[in-house]
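Report on the following structure.
As written, the chains take the letters A, B, C, D, E and F, and residue 1 is the first residue of each chain.
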């Protein structure tokens, strides 16, 4: 049988600030540097969603990437795009919005929407030079 | 011993149409949407071929990528580039030319041409935002 | 006064064939080579629309790029995306769909939709390595 | 004599919000949509600085791009990178931080730092699909 | 009449060293820094050739980009690709191989090969962040 | 527990020559072709460093990518950037500087600098179309 991975790439823009509320300002500055700006900064995030499974012999698809795009749009982009991750996105009320945490959050959001027969992996680019993958 | 993966990226342009001849037109339109245009549409496909194996101590190569490029040129690009996949490429007479199927076909073409000591994986970009990998 | 250029990039996929119906097949093959495949081939076209004009002091925009994107979507992508340019797009019934001609056609389509106070230029990528601009 | 253009590309990340304080919230929402989020959103800005002038026969340079990079770093990136453009960058206290306005501001900052014999042009990418140039 | 610009992008790899033989080593180090390594360093150069002219009504082309590619291959890539610009390329025996000078040299090489009715411009990328254009 | 991979991309420019000193010139030319130019050629190398491990709950980071960038700068770029790999970089005195070997060397340099709890993988682009990964 032919297991194939299919990938869909989407993007969203968001503001965020990195800090640990349990630490004082000096420690946050030492650890997070410019990313701790209390007025926020922002990124063009590129999101790659990877699904792995069998090809459906009737369609030749592992999954229709148009449908996958719609699921990402409704469940991720609607909540994240043009938002302040710290203030507008409930998942980050008590979670520092690092690229690592954003990828884990998106994984759990999409895991509920995607057929369990398909393996799921998230790659998230914060910049062209900094990016993360979950699960590893 | 040092197992290393080497990658060569090539490209080809082709027309195709997605449909299942066992279905009526309405079902094909529902499933494949714009991709079911009976007059075809097309893509600039980007093909990444990944080989994994030991470094040859005499050359420092896993495989000479110039030779790999020539093998891809002769066995894949000659047959696929500037073609209509449905009409001109024999593999797709009875196989829907989705990105998944194209990747599987290219894998089997190249598997015969590449030393069995080397593992082979295909990544195929249909657009910058839609791509597939085989084997998973 | 501050004249600024703003650019919006969109994409569409299409099939096409290059040939001159006034010529015999041999001449068409000599001139157009693989691009003369009677069964068509295709591309992922990248379209860059450039507008030049004064910044509106109320908005800070030369033009709202979301509105420009909508105009391109309705007037160009709806007609060109996932189409066979030779068979499905009326502009090319008697016009060879080279990148040069496609850019000129898109220019004239958009020129009617864009405020005359704004200068318009089209850049069209047929591949990453072949592209055109109109007007020069 | 040989007039040549040289380009240096740099990047910065920032948060911003688009709105006109003279308008009510409803009008701002109609005009700026998601970009009017009062909690801000953000971008990875790519900045291209173009200088045009004669080649210095002693160096073969129009200008040493390392020196140009340092000038951009000190005068633009230090002020803009990882900032909230509306709150942290003085130029935007009374100026809506659209891509058009950011490009004009950067032009005037750099114009004072660059030899008057060299023509200066700014290209600013807000996303890969939306960008601006000043002067036009 | 329709004047259109057409662009062809090619690439070559080369080693080079920047220095002025009229200067002592200390001055060369001050001016050219790491680029003055006497053992050379190197780049993947990306070359964009732009031609501007009328569309030929018989072909729909300003110029066949396949033919332009062949002209660049024979006249530029054959001489520059996988070479040491200082030692292997005659144009740079007495000319410092800065990006500016390489672009001017390529312009003059190609100017002799391209129909005089077509305007010619060269863009040369030394890296993704440093590039030049001639004529300005 | 959440194992995540984080990636940092850096770049360096270098000259090199491929050859096997145990072979005569004719054999080296047959095997390495243009890459055997005794005067060297060069590349813009893009280096991707991938680390895999647990997210630190205090920071939300697997590793601070700014610190990773500093480690790469000090231990790799300082030694490789703007160098002749064959002549200036001690690792290649007796090792052919193929992309495979460069990746293995960089792996061993960085392995000593990175926390043993983190898995390490290197991807090295010699050009956009030729790249390698170690370990496989």
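One rule holds in what follows: contacts are C-beta pairs under 8 Å (C-beta built on N, C-alpha and C of every residue); 3 or more make two chains touch, one makes a residue touch a chain.
This one's a predicted model, so the numbers in the text were calculated from it and none came from an experiment.
Common neighbours of subunit B and subunit F under the contact definition above: A. Which listed pair repeats A-B comes down to matching contact pairs by residue number; over half match for B-F among B-F, E-F or A-D.
Using mean Cα coordinates as chain centres, the one most removed from subunit F is C. Homomeric contact subunit A/subunit F is classed as different-residue, with under half of its interface positions used by both copies.
Centroids of subunit B and subunit C (each the mean of its C-alpha atoms) stand 28 Å apart.
Inter-chain centre distance (subunit B to subunit E, centres taken as mean C-alpha positions): 34 Å. If you average the Cα atoms of subunit C and of subunit F, the two centres end up 41 Å apart.
Each of the following residues of subunit B touches two or more other chains: 128. Here the touching chains pair up as A-B, A-D, A-F, B-C, B-F, C-D, C-E, D-E, E-F. By the touch criterion given at the top, residues 2-10, 52-53, 55, 58-62, 64-66, 119 of subunit B touch subunit F in their complex.
Interface residues of subunit C, counted against subunit E in their complex, comprise 18, 20, 22, 31-33, 95-101, 103-104, 128-136. Of all the residues in subunit E, the ones that touch subunit F in their complex are 11, 13-16, 34-35, 37, 39-44, 81-84, 87-88, 127-128.
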